[in-house]
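You will see two complexes here that share subunit A, one where it goes with subunit B and one where it goes with subunit C.
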Partner chain A sequence: MQVPLPTLLTLTAVALLLSTFGVVVRRGFAGWLSAYRYQSVILAGSAAVIAYETGFWEIYVAAVLTLVVKAVIIPRLLVRVTESVRDEFKIEANPFVSIRLSLLISALLVALSYGLIRETLSSASLGVFAVAYLPVSLSLFFIGLFVMVSRRMALNQVVGLLVIENGLFLFTTALTQGVSLIIEVGILADILVGVMISALLLLRMSQTFDSFDIASLENLKDD
Partner chain B sequence: MTGTLEVVVVGAMQLVAVFALAPLLTGIMRKVKARTQKRIGASVLQPYYELSKLWAKDEVVSDHASWIFRSTPWIVAIATITAALFIPVFVPFSPFTSAGDVLLVIGLLALARFFTMLAGIDTGSAFGGIGTSREMMMSSLIEPGLFLTIFVVSLTLGGTDLTSLVGAAAAKFGVVIAPSMLFGLIAFFIIILAETGRLPFDNPATHLELTMVHEAMVLEYSGRSLALIEWSQAAKQLILLGLLANLFLPLGMPTSSAAGLLPLGLGSLAALAKVVLLSAIVAYAETRVAKWRVFRVADLLTVAIASAMVGMIFFYLQ
Partner chain C sequence: MRSNLLALLTSGGVPPDWSTLLLTILLTPAVAVGLVTLTRTRRYAEAVTVASVLLVVVQTLALVAGVILDGQFSALGGFLYLDAFGALILIPIAAVGFVAALYSVSYMGLQFERGVVDDKHIARYYQGFNSFVLTMLLVPLANNMGLMWVAIEATTLVSVFLIMLYTNQGAIEAAWKYLMVATVGLSLALFGIVLFSYSNTSISPAVASSGSGLDWTSMAADARLLDPGIVKIAFVFVLVGLGTKAGLAPMHTWLPDAHGEAPTPVSALLSGVLLNCAIYGVLRFYIIAQGALGVALPSELMVILGLLSMGVAAASIYFQKDMKRMLAFSSVEHMGIVSLAVGFGGFVGLFAGLLHIINHAVAKPLMFFASGTVSQRYETKVMKEIKGVIKTMPITGAFMLVGGLAVAGMPPFNIFLSEFLVTTSGFGGGQFFAASLMILLLVVVFAGFLRHLVPMIFGSAKGPGISVAADVRSGGHEELLAVLPMAVLVTLVVLLGFYLPQPLQTLIRDAVQVFGQGAPAR
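And now, the complex of A and B:
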């Protein structure tokens, strides 16, 4: 059965938004990581759809790299590094904005990004992928940023950063059919190293301060 | 099949079918759940035996109970029967479509829930109070989610009148894929789980547990009243699952009542198959989750509300 392209794009866009909601609504580290993993798998799938329709083989490679690095290596790495961290640091018990409210705010952020894209860019000048995916990538960006600023646990900041990065990848792939492969590989390596460094930082944080609460970082100030 | 009389006769037959098949659906769900838990489980006909046993038994009513307690089972049953008259479950039209639309159906279900809550606190038992306060908390979140979902569906398909909604859904053939409808489907599924008291909102298998919600409210009932309440609950489940199937997955449903007898018959068989499949999915999903803490339940209902909100956004921005 031949699935029409707009339907496929809609389905993947909806699935991406839902997995982003999953990152917002889950309370534990394992939950965020599994939502992020789903998101990365769907992201690789949408990149593969774009590759199939445009015929650029570089995007296939980028999709496979996304799948391997973001859906397998990064989650495993984060789980491995945080193995020794106590379980109570891995749950978001007391966020700055409550989880229910942040879910509703995320829905409004999705509305904002759809509105922004519609106001700023006329859909006539955009390709079919850009029309479907640009608002989604912008909402991924906004929601990732919101998760970063509204949560207390430092592990959540890492996950928010990863969601933002997924949004950026979707943005470039949908708008320009991907930057050149060498840059794509560079970005992925960058993210991998970034996650590694932040994971090590987190480990040191938990060992030194016995807490992941970023609110207590303010107490270090000299005043 | 265009005359008013035929439409009403078919509608009445549908009502009988809904109430006759509802316990079977409960039995199938229990069986699926038992099999996925590696138990053999009771026969799928067990709910019928239970209902007939309860129907024949004597009733015990507390001395402190008022008329509300005695009349609630009948109010619940009548509200459910009336709602079943307005909802197209097995046929693509509702027989009394000129008299009320989907908002009336929501109102009738809310009436049934309101009286169940009143009856829960009427006898003054502690369990009834617990169940009622939990049900109130949950229903205050279910209602906005349900209304938003209905608005999404009404906007996408046009109108609040159930006959035209189901007809419009069936005209798209197969599965309705608009982004707004997909988000609406997710919201509606969560709301059905909450409304029919399935896990993770409420455990339908418990009795005398501190976590129960619906069971706690009807704990004081026995005999015929309990049979009425359980039967209405099963019928409500069938109605809501049928509504979900007809609005979001209208595969095989003819578009209007003028389609002739054979397509209508095939359509009702397809609807029955879809409802059974959906209930099997619900039962399977139940084995994958545990009962959630009462205050976490609000998170899942907020997912439903947010999802319906996004569906609305998608409708206006498409």
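And now, the complex of A and C:
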């Protein structure tokens, strides 16, 4: 069965947004990670669609790399590192903003993204991928940022950062059909090393502070 | 590598192949990382690091000579590129890298003997140090702006790694905040960079098909043709994103923590070198933006951020208690001055801004080294508990006095010269309000610095609550490897105050020309 391109683009865009909402509504670390994993798989799929339509083989490679690094390696790494950490540190029991309100704000952020893209880039003649994916990529950025600032658990900040990076990848691929492959690999390597370093820091944090609550990270200030 | 250099020096009449140097200068620290990893003994790691950075210094001098003689050159099919502006940023990386490597031997050696760090930490420290130098060198050498982004993000990761070498609570907190804030900032910058690339590829199919849409040279050549609507958003993204990394207020919040908690030689590199790399990235896009938008809007943004940074820093310096945090806020102030200078613009403004980058890169590491040595002796960073440095350690005390007065902007030292030029360009360009406000803030900073510095240096060391640690190794006398790097920097601080060597002058002049490339006729 042949699915027409606009339908396919809309479907993947919706799926990406849904997986992002998954990160917002879940309370536990395992939940965020599985939502992030779904998101990465769909992201790789979207990149593959763009690759198929434009015929650039580099985008296929980038899609495969995304799948391997973001859907397999990073989630496994984070699970491995946090194995020794007590379960109560992995649950967002008392976020700064309640889950219900977070969902509402996220929906508003999605609306804001669509509005912003329409306002700012209407003058340019955007391609079909850009029209479908740019608002979504901006939504991922905003919601990722929102997750980072509205939660207590340091693990959440890592997940928020990863969602932002996914938005960035979508933005790049949809707007310019991908920056060159070397740069793409460089960016992925940066993300991977970044996750490793934050995992190391999380371990140190659990040993030194006996908590992942970022409220314990407020000793350095000027008074 | 060495034979290459010799060939260069002995090539005589044959035009030397500068572009090979672009590769070898990157290879040098990479090899050093490998060597340190292989052996893992302290003495060896120190020797390898000092030798590697020394080689980087030699190659930098050759590259600077090449830029002055031949203008610009590229390697790897335009992937790497060096012009006068890039070469100017290269100088502090090499120079401060070298003195910081020397200082590391003394500082980390003492930490080792006091049992703060062990063999494993030392090996990790030197791996990190060399990787840090490598990633910073890549920033001014990258022509592909995507590559530059990857390099800047890599500097964040490596420096976070260096900060978390100490496992105390402060270091972990600082490292975490730095990693999170800088990475979010850089994500924003990448959005902007991709938008720049998009506006570049969309105007010419040739650029799109050759894949050079992200090359700075290609963007600068097309600057006037770029879609102003897109460039406006893109520049704001880049300014906020890379401005975060450059410590411009109000995105500076991570900076005092990270610079304050890092091992002192790393603080010197973070303040004296890494901030330059970030502001260099901002300015590369500033050049393109002023070509596409005209100079008015971008320069106004730079003036606003510059004044805001100076204001925030001035207040924080005046009421500061921690020595290293005071120095960190002073870096926010000086990056603000650079931003302000570029915003004032004109030949004098740009010249002063670029000169200020060099001057700050000389004076701030000096202060960090002095403060590191002092805080090792007094075993505290709280300024109230440090008194009479001039009596307990005369040489370091004298250096600290000179460095402090220089950083605060006292004549006849180097920073005064560039600050004076910046205000001149401000009044000359008709920006009376901004230039007057700048002078006012400079006075506040000056007062703040003296308020803290005078008791620390001249106060009585015998007061209550002052404890001078018995120096474990040298029994009171100051160690040569701690003093030597400071002596080099003090010489430069004094010398650059009244004498600009001809090659440096030419280089800065050429770098200012780079800014003219994309600029409309004034």
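As a working rule, the second predicted complex is superposed on the first by the 216 of 223 C-alpha atoms of A that agree within 3 Å, B and C clash if a C-alpha of one lies under 4 Å from a C-alpha of the other, contacts with A are read in each partner's own complex, and residues count from 1 in each chain.
Keep this in mind: a contact is a pair of C-beta atoms (placed from the backbone, for glycine too) under 8 Å apart; a residue touches a chain by one contact, two chains touch by 3 or more.
Here the structure is a predicted model, which means the values were calculated and not measured.
Asker: Have a look at subunit B and subunit C on subunit A after the superposition and call it: clash or fit.
Answerer: Aligned through their shared chain, the two binders fit side by side on subunit A.
Asker: Is A:D190 touching anything from subunit B or subunit C once the two structures are fitted on A? First, second, both or neither.
Answerer: second
Asker: When the shared chain A is used to line up the two structures, what angle, as a multiple of 10 degrees, is there at the CA centre of subunit A toward subunit B and subunit C?
Answerer: 160
Asker: Please name the chain, subunit B or subunit C, that touches the greater number of residues in subunit A.
Answerer: C
Asker: If we overlay the two complexes on their shared chain A, which of subunit B and subunit C does A:L103 touch? Say first, second, both or neither.
Answerer: first
Asker: Per the contact definition in the header, classify A:S180: touching subunit B only (first), subunit C only (second), both, or neither.
Answerer: Second partner only.
Asker: Thinking of the overlay built on chain A, is A:L121 touched by subunit B (first), by subunit C (second), by both, or by neither?
Answerer: Touch status of A:L121: second partner only.
Asker: Looking at A:V25, would you say it contacts subunit B, subunit C, both, or neither? Reply first, second, both or neither.
Answerer: A:V25 contacts subunit B only, not subunit C.
Asker: Is A:A111 touching the first partner subunit B, the second partner subunit C, both, or neither of them?
Answerer: A:A111: touches subunit B, not subunit C.
Asker: Just checking: does A:V14 make contact with subunit B only, subunit C only, both, or neither of them? Give me first, second, both or neither.
Answerer: So A:V14 only meets subunit B here.
Asker: With the superposition applied, I'd like the minimum CA-CA separation between subunit B and subunit C in Å.
Answerer: 21
Asker: Which residues of subunit B touch subunit A in their complex?
Answerer: Subunit B residues touching subunit A: 177-179, 182-183, 186, 298-299, 302-303, 305-307, 309-310, 313-314, 317.
Asker: Mind listing the subunit A positions that touch subunit C in their complex?
Answerer: 120-121, 123-125, 141, 145, 148, 154, 157, 161, 164-165, 168, 171-172, 175-176, 179-180, 182-183, 186-187, 189-190, 193-194, 197-198, 200-201, 204-205, 208-209, 214, 217-220, 222-223
Asker: Can you check the complex and tell me which residues of subunit A touch subunit B?
Answerer: Going through subunit A, the ones touching subunit B are 7, 10-11, 13-14, 17-18, 21, 25, 99-100, 103-104, 106-108, 110-111, 114-115, 118, 135.
Asker: Using the touch definition up top, name the residues of subunit C that touch subunit A in the complex.
Answerer: It comes out as residues 144, 146-147, 149-150, 153-154, 157, 160-161, 164, 167-170, 172-177, 179-180, 183-184, 187, 190-191, 194-195, 197-199, 201-202, 211, 213-214, 227, 229-230, 233, 256-257, 260-261, 316, 319-321, 325.
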